[in-house]
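Two complexes follow with chain A in common, the first pairing it with chain B and the second with chain C.
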Partner chain A sequence: MTTFLALSITGLVVGCIYALTACGLVVTYTTSGVFNFAHGAIGMVAAFTYWQLSVGWGWPAPLAFLAVLLVLAPLLGAVVERVLIRPLYGAPIGVTLVATLGLLVTLLGVGFLVWPPDTTRVLPKFFEGHTVTVFSLVVDYNQLLVIVTSVVVAVGLRLFFSRTRLGIAMRAVVDDPELAALAGTKPERVSQLSWAMGASLAALAGVLLAPLQTLNVTELTLLVINGYAAAMAGRLRNLPATVAGALVIGVSSSLVLGYAGPQVVNYVRPAIPMILLFIAVLFLKQERLRAGSLAGLRMPRTTGLRQSVGVGVVFVVVAGFVSGQLSPAHLAIGSQGLVLAFVMLSLVLLSGYGGQVSLCQLTFAGLGAYAMGKTGGGALGLLAAIALPAAAGALVALTVVRLRGLFLALATLAFAQAMDQIFFNHALGYGGTLAIPRPRLPFVDTADDQVYFVLLAVVLALGSVGLLVLRRRAFGRRLIALNDSPAASATMGVSPVRTRLVVFTVSSAVAGLGGALLGGLHGSVSPNDFLLLNSCVLLLLATLGGLYTPTGAFLAAMSYALFPELQKLVPELGQVQFLLTGLGVLALGRNRYGVGGQLADAGEKLRALRLQRVGVARAAG
Partner chain B sequence: MNALELIGLRAGYGSIEVLHGVSLVVPAATVVALLGPNGAGKSTLLKVASGTIATTDGCLHVGGVHVNGADAAALAQAGVCRIPEGRGIFPNLTVAENLRMWTGVGDLRPAEVAERTFGRFPRLGERRAQLAGTLSGGEQQMLAMSRSLVVDPAVLLLDEISMGLAPIIVAELYELVGTLAQQGIAILLVEQFAQTALAVADSAVILSQGRVTRTGTPAEVEEHLAAAYLGGAA
Partner chain C sequence: MLRVEDVEVRFGGVQALKGVSLEVPDGALVGLIGPNGAGKTTLFNVITGLEKPFRGRVLMGDQDVTSLPPHQRARRGLGRTFQRIEVFSSLTVHENVLAAAEARRSWGRDEPEPARSASELLERVGLGDVERERVDKLPTGLLRLVEVARALASRPRLLLLDEPGSGLSTHESEALGDLLVDLVRDGRSILLVEHDVELVMRVCQQIHVLDFGSIIATGTPDQVQRDPVVQAAYLGTSAA
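Here is the complex of A and B:
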């Protein structure tokens, strides 16, 4: 019984922190209509700042606490609203999602930069050493503080949003900012205030969570993600349900940890919040079919068959020539870029054409690599590397078939994180590796790095040409139509379910094959190759490069492959891939078609100019 | 002094200009009907007059004060009240919370706002705890109109308040419009049903393709309506 109580208290404390996180998420979502993926990252930065002030610079703890909570965090929230969110009002959900993901990644980069992980940082608990005994159970003041704070915040928020004019105005602004302005309330001011409040709540959760473990940039960020499930339990609106959900998650995780055998603990416990998040998202109310909305921008022109084949052939020839000139190290980087570009083709299909935001592409790549490794390569291996992720993709598609936008992103996030914890960590060995053979081909020796480089170039060229063929055919038009207006597509007899099933399956298969080839490149894979955060970086880079063009995917993948090199050049920058990607997204995130789209546009203008010149010449002649 | 005055006003959406130099005046305690075919720029004119859309050229005067460049919230504080097309309510707030939002302008306390609204529309009182989005169309429009009752505006801009409503409710709403004008409010009225609007209006303006094509008494303007709407020789 004592064990049970002790476990429950531990769980309750964690649950309370999840509740604080989730409340913060709900506050920003209900008051600005934007789901802040960077919420956890804000909590992380706040916790580190608190450490810096109190431990690093020796400020008194209460002063540091108040400075972080009431000054720095709200300031950060207000600045984020002004710089990042305000220009995006009315933008499609995909754009705001990428923007806050970009912020998440930027803050991660900042975290690594300012607080390099080479030193251990520990925050003392609040009121260290003080305990009370309740029913023969020792509870320390830190735990009490967490519980009391959460109760006060939850009740306070509820009253604030239902009783005060400012709280009501915050909700009203989401409903109809224009009307709010007509009623004499400045919508921007209100939104800014709500972002400040949300950031403050994130900071509170981060600072309370931090003393319970050693400070770690990624862990803190991801732990807070566990609160997402709770926010979903309250459908992102209902605060009491959110708090209840958070407590259930906290206590159940703690009880499982205490009672279940080590087998279950290792496999399932870290994934419990993610599994709950997945389930919660699935049970959300059915969304109505959306009628079309104007994207406002012209899509890049789809390259014709002859031109794309031509470019593909030139690409392969150039790759063949270049492969002879590169040093082994550069060859490896190039190969990495090529194979990642192939993985990104799956994103072009799924997110670019299909408009579905997926945060689990690397998970499918990991499944492909796993299948290849377990079957020992060969034709069978390649087949398995395509079939296993395709099957998994189909399964995911069927479960999330009615979700779109934000909720689809959350479901794929949960899937990626859960697979990470349950599957890859074990199937690929703890931090260990799984050997992946390269595919064998007649006449050529794929074990040779130079040959493999050219092979990858061929595969990428074939994949790109194939993708463009798919885009120009009826299936491609169906995808675009479904993304533009699900309602109109349904009335014309386009089955959303079947189309989405196919696109998910094909895209997972592409990602899987890419994963197998990636594994073959290095000879082995480890769980760290397919982390959720890497999937996020991949999506962001693909967005930057341009989600609509294979060229964009290629550019994005090449820059991803170059990050480790850059890291070696300027090690002070910390984790460059986070910082640079994030900053890039923050700077360019508003351009939906990315660099690839710009290039296509430029090409288009050149063509027009040439045609015009030819016309003039003809007229003159 | 004119409560609302537009002089050579130009405005539009992005690079597309909708109003090409519109001039009109609405004196206090007067109802002016703004008529014209679809796409003439009527709603745009109301949006400009309430600060939702910025003026690109010309002058906007409220109560004799030059207010070009003021945003919607500032103009609301200055006494301009626009009831937008569709339903001017917050669907995900309760009736009582909607009324609480109306206290952003004027100096009435929440209790007084509720009292005044429910006195005029008792049915809203019965539904005070209900989400506004679940009210009937007529009740939603009553709730939207209640804002004009409680913020004591100097200028009231009404955009198609009869849209999609039963005739009996339309009659009730227009009775309120008449009362408000008697209290001294300047009212500019956009209405699809010209007859309904002309019946309560003191004067009327026809707007066509972003320009004022005719101004006069309701009777004078009515003669030219068919031509304005159907595009015949005026």
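Here is the complex of A and C:
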């Protein structure tokens, strides 16, 4: 009984922190319509700032607590809304999602930069050493503080949204921003306020969570992700249901972990919140097709077949020539860029053409590498490297196919994290590696790095041309039609489920093959190669490069691969790497099509200009 | 061809449609008119499966399609256009129609040359000379014609047109009227929602008048025009 109570209290405390996190997410999402993936990162920065003020600079704890919660965090939230979110108003989910992912990466960068991980930082518990005994159970003040704070916040939010003018105005903005504006509410102000409140709640969760473990930038950022499942329990709208969901998750996982054997704990524990998130997302009500919800993006014009084949051939020839000039180190960098670009092609297909956001592309890449590693580099290995991720992709697609936009992104996030924790860590061994052979081809010595470089260039060129051919054929048109207007597509007899299933499967296969080639390049893979965070960065970069063209993917991958090299020339770059990414994301507010899109635009303008000149010349002649 | 029986739709506490029943016989051109907010588009959404009715049935021929998803209804011969434009903005005018013709080929197996069919249809609605343009370069009125051509590319037996004439010039609107008459002569049935009363009166054989979610009158153009209830609710205001 005592064990049961003790476990329940521990679970309750964790559940309360989840609840605070989830409430912050819900407040921001319902009011501004943007799901903040950087919510956890804000909590992390807040926790570190609190450590800095209270431990680092010796401020009294209550003062530091209030400064972080009531001044710094709301300020950060308000600034983020003004600079990053407001220009994206009405943008499709893919864009806003990447924007907050960019914020996440930026804040991670700030965390690493300001608080380098080489020192251990520990936050003392609040009221360290003070305990009370309830029913023969020792509860420390810190636990009580968490519980009391959460109750106060939950009740306070409830009253705020039902009793105050401002709270009611915030709810009005959710329902209809234009109507609320007519009634005298400024939607931007309300949205800004919701971001300030959300950031404050994230900070509260971060500061309360931090003393329960050591301060770690990545862990704190991702731990707050656990609140996602709770937020889903309330369908991202309902605060009481969110709190209830958080408490159930906290207590039940604490009990399961307390009573189950260590075997289960090691295997399942880190993945529990993700499995719950996956389940919660699956139980969401199916989103109905709606007319009048156009994606609002238009893709750059595609190049003709002859032109793309021509560019592909030139690309391979140049790669062949360049490969002879490069040092082994530079050859490795180039190969890395080429193979990453190939993996990104899977995102061009899935997200660019198909409009589906996936945060688990590297999971499929990992599966491809794993299959190749287990079956060798022969034809069978290549086949397995395509078939295993394709099968996994089809399975995932079957479960999530009715989800769109944000919920699809969250489901893929949960899948990536769960696979990371359950599969890769065990299949490849914690910190262990799996040797991945290079594909064996007739007449070609792939063991030679120079040859492998050219082979990767050929594969990338084939993939890109293949993608462009697909784009110009019936399936490509159907995909884009489905993305542009799901309602109109359905009324011409297109089955949205089947089309999405196919594209998800093909995209997984492409990512898998890319993963196998990536593994072959380095000779081995480890679980760290396929982390969720890396998948997020991949999507981020691909979007910055331009999700709608293979050129964009190539540029993004190459600059990513070249970055360490640039850093050698300009060492300071390493420090601002994440900030650069952040700036790139800010640019998304101005151009949603990325660098590739911008290039295509420029190309189109040139073409128009040339046509005009030809026209003028003809008229004159 | 189409029978709507006692359809009721609720949005929260609002009854958008209150027991609407109507019929579109084979080869008929039936009009559906009524003031803004009367529920015309909602009824279209119910018929095409984008909206689930609280009560009532939708039948195509003898088959109850109420529980079928939109794409299944389309494959049974139902096509439509949208009041709020739903073109595929990343594609060209030709590709918009081609996508529908290709879809028809994939499930209908009777569309040997989608590209040619698309061109012919665009020619027919009067957009032959802009078919290579990107669709987002066209004015709204012409986009409605793109939607008409796209709907036709699925070779529907029943076509639901949601204000195809708005944004068209007098001349274009007349051409549209002729096109509709032609289409019905080819054996199609059409249910037409249109604010251009002149057009509706000219081409429709039968007209239903929808007001506040209920059908308040049904009849030939002459009967409807003379109906005092209709004049009070709708026509009277536009005639004044």
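Following the convention adopted for this analysis, the second predicted complex is superposed on the first by the 582 of 621 C-alpha atoms of A that agree within 3 Å, B and C clash if a C-alpha of one lies under 4 Å from a C-alpha of the other, contacts with A are read in each partner's own complex, and residues count from 1 in each chain.
Keep in mind that, in the parts below, a contact is a pair of C-beta atoms (placed from the backbone, for glycine too) under 8 Å apart; a residue touches a chain by one contact, two chains touch by 3 or more.
Predicted, not measured: the structure shown is a model, and the values here were computed from it.
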Across chain A, the partner (chain B or chain C) reaching more residues is C
I'd like to know which partner A:D118 touches here: chain B for first, chain C for second, both or neither. neither
Could you tell me if A:A474 is touching chain B, chain C, both of them or neither one (first, second, both, neither)?
-> second
Is A:K186 in contact with chain B, with chain C, with both, or with neither (first, second, both, neither)?
first
(message) One more residue to check, A:I168. First (chain B), second (chain C), both or neither?
(response) first
Task: Could you look at A:D484 and tell me whether it touches chain B, chain C, both or neither (first, second, both, neither)?
output: second
In the superposed arrangement, which partner chain does A:V494 touch: chain B (first), chain C (second), both, or neither? second
In their shared complex, chain B is touched by residues of chain A numbered 162, 165, 168-169, 171-172, 174-176, 178-187
Counting only contacts in the complex, chain A reaches chain C at residues 288-292, 294-295, 297-299, 301, 474, 477-478, 480-481, 483-485, 487-496
Within the complex, chain A is touched by chain C residues 41, 45, 48-52, 69-71, 73-75, 78-80, 82, 84, 86-91, 95-96, 98-100, 102-108, 114, 134, 136, 147, 150-151, 153-154
The residues of chain B that touch chain A in their complex are 50-52, 71-73, 76-77, 81-82, 84, 88-93, 97, 100-105, 110, 147, 151
